[in-house]
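Here the chain labels run A, B, C and D in written order, and each chain numbers its own residues starting at 1.
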Amino acid sequence: MGQIHLKQVTKRFGEVEVISPLDLEIEDGEFVVFVGPSGCGKSTLLRLIAGLEDVSGGHIMIDGQDATEVPPAKRGLAMVFQSYALYPHMSVRKNIAFPLRMAGLDQAEQNRRVEDAAKVLNLTDYLDRRPGQLSGGQRQRVAIGRAIVREPAAFLFDEPLSNLDAALRVGMRLEISELHKRLSTTMIYVTHDQVEAMTMADKIVVLQAGVIEQVGSPLELYRKPRNTFVAGFIGSPTMNLLEGAEAAKHGAATIGIRPEHITISTEVGDWEGTVGVSEHLGSDTFFHINCPAFEKPLTVRASGELSLKYGAKVMLTPDLQHLHRFDAQGLRIE
Amino acid sequence: MATQHSQSAARIMMAPAVILLLGWMLVPLTMTLYFSFKKYLPLRGGDLGWVGFENYTRFVSSSSFWPAVATTLIIVGGVLVITIFLGVLLALLLDQPMWGQGVVRILVIAPFFVMPTVSGLVWKNMFMDPTNGFLAYMWRAFGAEPVQWLSQASMPSLIMIVSWQWLPFATLILLTAIQSLDSEQIEAAEMDGASWFSRFRFIILPHLSRAITVVLLIQTIFLLSIFAEIFVTTAGSFGTKTLTYLIFQRVLESQNVGLGSAGGVYAIILANIVAAFLIRIVGKNLDA
Amino acid sequence: MKLRSVLRTATAVSLIAGSAAYAENIVIATVNNGDMIRMQGLTDDFTSKTGHTVEWVTLEENVLRQRVTTDITTKGGAFDIMTIGMYETPIWGANGWLVPLDDLSEEYNVDDILPAMAGGLSHDGTLYAAPFYGESSMIMYRTDLMEKAGLEMPEAPTWSFVREAAAAMTDRDNDINGICLRGKAGWGEGGAFITAMSNSFGARWFDMDWNAQFDTQPWKDTLEFYVGMMNESGPAGYATNGFNENLSLFQQGKCGMWIDATVAASFVTNPNDSTVADSVGFALAPDNGLGKRSNWLWAWALAIPAGTQKEGAAKEFIEWATSTDYIELVASKEGWANVPPGARTSLYENPNYMEVPFAQMTLDSILSADPNNSTVEPSPYVGVQFAAIPEFAGIATEVSQEFSAVYAGQQSIDEALEKAQALTNDAMEAAGYR
Amino acid sequence: MARAITTQRKTINTLFAWAVGLIIFFPILWIFVLSFKSEGDAIKAPFEVLTSAWTLDSYATVQDRSDYFKHFWNSVTIAVGSTLLGILVAVPAAWSMAFVPSKRTRGILMWMLSTKMLPAVGVLYPIYIGFIKLGLLDTRIGLVIVLMLINLPIIVWMLYTYFKEIPGEILEAARMDGAGLREEVMYVLTPMAVPGIASTLLLNVILAWNEAFWTLNLTAAKAAPLTAFIASYSSPEGLFYAKLSAASVMAIAPILIMGWFSQKQLVRGLTFGAVK
């Protein structure tokens, strides 16, 4: 069970409205990611759900019950913090057992659940260490372990991977996804990294300045961004957003075309340009092409084999099937 | 981060400390104010009626008042300057690699544990006494006339005694601050060609500013009310009468509580001026 | 009035009667002087005689004074017996803060107390504190140095002789100072000395209208003489020397003469502490031909604060500690030279005691001091080296601080006298005398 | 990180630092020496003092004359009692200031510190009279209360700076884990703040141990701590250096030894969190 509904939830700090009245429905077992630039209110939203902040207006329903006034501990949610928030004076075992101890479970049951969680998270050998003696990834797993043992209605993750290095991050990402599949419990995950959002989420909530810009599956967002903000935010490298005469040609104020939807050629194409910096990733190569027709350079994705000299003349052809059109307000034109 | 619930809980939890201190401040403060407008002579039967501002004018017009204010500020200032200056040097020294650092640190912090009366007595008798004092023997050993510390160099002597007591405090805080300095910063400065002095001036000193602030603030609070050291050494003679000591004389030696209370009000005003001044200079450094 | 004193006596009697049955525990505040510390050591004798136990609060003189004054003025009741002096007793007695000692037992023999002492510890003829020991001041001098200087100390020298002798005895190379005198600030230290000295120069603190007299010639003469002599023949740093500093200088053989409390005689003649014990002579404090000597009169005495619950036991203690029996007890343990002096007439009639070299001179000194008539010109106050008014301690401490600054060379005599004059008048005004 | 230092340089550092350390420590060392001398020897020239006979007489005299242990226990009770009581009051206050800060927090802290600037002597009479009325005069509990109040601002401030170093997320984690306010303070906050609380404790024990004005003026026979004990050895008649030294050593030794043993915690305490 882990169905969370937000109804007209609002949060103000003094005069500043950080979350505008907002509705959101999270179904049981869903993996929902809140994504947005820093300061967009995604963490605040998570903390409102957790009960660590009071809402200024609206209601939070958990499994159909109004939980707006329920203290955090009673909401049946577990949270994994950005800094892991492990108790430094307790061993790993005690850390993981802490919520169980608070719930008043007997010692045997506590041990059983801790051992189980440790097995799942590969922490069995570290149970008697202190958090200070663990690596970043291990600490991360302890924090998750502490969340799992409670068997919560939903997990809340607040940028849990931002303190890990790149390689570990990919690994942990997989582990969390794996965990979700196995437990099929609702998870709400906050990140500013759209790659995490795309790879993990069942449903992405894009937030900007306290307002939901779009809600949808990763592919929905990729295919049909509702506005230029979402278009620019989702996808890597980011979508090329072009204005001016070329946009007008397509009956829009702005057109967007993703780097992977442009064909590059030395001979023929619609737009002419010169090659700027090229980034070789092996599997792919990203070219930054300066076109006289546009103010900003275009990013173009090509196969890993292609090699072009700096300053070489190239021709580009957009795939019109994947062209996104936006009006003057930045809203998508279907 | 704060929920309504925790905010009201916070208020309740703060209440005992705030109420206690408020009481500890208000009761004596009101009493002091009350007495300061009275002719109150315990040896003549106590309360002899209201006298308006007479005590205030009398206290200020006394020939001892301004010298006492000056003495107070000189002692506070002198001790602050000495302890901070020597404290920085000592901290730099103790930060160097050496054998037995722990023991040296123990030696250096020891004076902080000595009660002010004892340190006053020990310095006065065993060291500064012009006949039997250790320093007198030292001076004589070098063929010099012993210095009559507490009479002819009373203020420097007093400042020295008090500095001896507070130097460990300053040194420890500054030492910890220096040890927390990122060595990469120093190395970077070295690569940039900064001399030892510039490294000190532009890297170490700014890094110490917060620690120096703490030393300033805490020491000032304690030094403004310094009493025992003066009581046992000079008893306020030879120009060492601080405002606190002058109040002591008025209240306990002359048994004029009204006059002393008026002095107390002046002392509070002086303390607040100093505090305001301090907060202005150092406040930025304290994210209290 | 009469009824009240009858009632008071009645309660006192009943308390004494009651206390015989109940062993009490009394708290005594005292000063850390040698005689008191000895008394502390002999407490067991009191306990075994009466069953009462004693707790001692022994403090340095200034701390003690501050402590007991706070307690008496607030009726704190922290102490059952306080050790106070001739200065406090009449003032506190007049305020009704002390239990009158008018019903002491027959065998205690109140009349044996030296009249000078009893007078100084009474108010309106009622005794408020019993003297533990009494003192005046006198000259203690080194007979060997005097001889070496080719001089002979008269029984009753003048200041000019003292100054001359001091100069003759001074031998800076051998660290011998002709004269050691108190210069330390504090009304009970240098303040007491200079006041007593000024009496012989014709000075006084106040005229009959309570005006300060520091602008008069006798004061200037006193200070000029004192400073002149001390600069010629005094020890270095005399501005911070009090009783104790001078005592140790004299004991180490660094002083030719020392004018100070008569009780010091037993210390300087005690071979355990003094390197010059067998060459000390005594003489009356000097005069200046004006009819007044420069010796003072003082007693450390035991008093009971009014309101104590243990009046009976406290009285028993006072009777024990200031009795002739106590004197004999000390004599049997420590020898006659170490008994508390100056309190009882009978002591000076005791042939054993009169063999002590300083006994007669102490008595003569005490007898030559008259607290009621201490100055050449008439003064409104009682007291030799002090004026028995509540404000005096504070004023005299500040005045003596100004004087000590002169001794330390920090200001001139005129400056000091001017400041002393101003601050004294100011304080007297504040207290409502003028 | 640390580069190799030549032995020569290290030797110079060592010599220099030891010299400075010994000079600063010397007065304490010297009274320690004097306390083992006879009165007559104690006033001799320094070299003669060292070569003269050593004796325990002064300690015997002091012990004989005053009940050291009574004063010692009073000091311990008063210092420890006032500190513990202070911490009891200060922990909740510092907790709320550190974790639920408001615009007034800084002002309240500064105000608390400013109460330490009131001149004590000015209010001796009112406090003394109050103590008589409440029956607190010459009781340890009275001194415990007064010293607690005197040191409370420092205790609050120190604890506040330690608590502020504890990440708020950990407390939130505890809250999410089902801990109530009581459990949060008991199981998470307090254990984490133990080093800070320990150094606060130490520093305040020292401050309370050495406080001389109130402990002297509000006690008589029963509750008098070591400050009063010292007041009976300063400037009596006759030679007193050896006795004063012995008494001083006895008065400062307990706190000195405690301070040395807990040096590390104390250093942390003295910094008031000024340096991380």
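In this text, contacts are C-beta pairs under 8 Å (C-beta built on N, C-alpha and C of every residue); 3 or more make two chains touch, one makes a residue touch a chain.
Note that the coordinates shown come from a computational prediction; the quantities given were computed from them, not determined experimentally.
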Taking each chain's C-alpha mean as its centre, the one farthest from chain A: C
Result of counting contacting C-beta pairs for C-D and B-D, higher pair: B-D
For chain A paired with chain B, centre-to-centre distance based on mean C-alpha positions, whole Å: 56
Computed distance of Cα centres, chain D from chain B, in Å: 16
Chain A and chain C: spacing of chain centres that average the CA atoms, whole Å: 90
Whole-Å separation of chain centres (CA-atom averages), chain C against chain D: 39
Touching two or more other chains - residue numbers and ranges from chain C: 66, 70, 73-74, 248
Residues of chain D whose C-beta touches two or more other chains: 43, 124-125, 172, 231, 234-235, 240
Multi-chain contact sites of chain B, meaning residues that touch two or more partners: 1-2, 42, 132, 252
List of chain B residues in touch with chain C within their complex: 39, 41-46, 48, 58, 61-64, 129-132, 145-146, 148, 150-152, 154, 231, 234-239, 241, 249-250, 252-256, 259
Complex interface listing, chain D residues touching chain B: 1-2, 5, 10, 13-14, 16-18, 20-22, 24-25, 27-28, 30-31, 34, 43, 45-46, 89-90, 92-93, 95-97, 99-100, 102, 105-106, 108-110, 112-127, 130, 149, 152-154, 156-157, 160, 168, 172, 181, 206, 209-210, 212-213, 226-227, 230-231, 234-235, 240-241, 244-245, 248, 251-252, 255-256, 259-260, 263, 266-268, 270-272, 274-276
Chain C residues touching chain D - in the complex, by the definition given at the top: 27, 29, 32-34, 37, 40-41, 55-61, 63, 66-67, 70-71, 73-79, 242-244, 247-248, 251-252, 263-264, 267, 273
Chain D-facing residues of chain A, complex: 50, 52, 71-73, 77-79, 81-83, 85-90, 98-99, 102-103, 146, 150
Chain A-facing residues of chain D, complex: 167, 169-170, 172-180, 183, 187-188, 191-192, 194
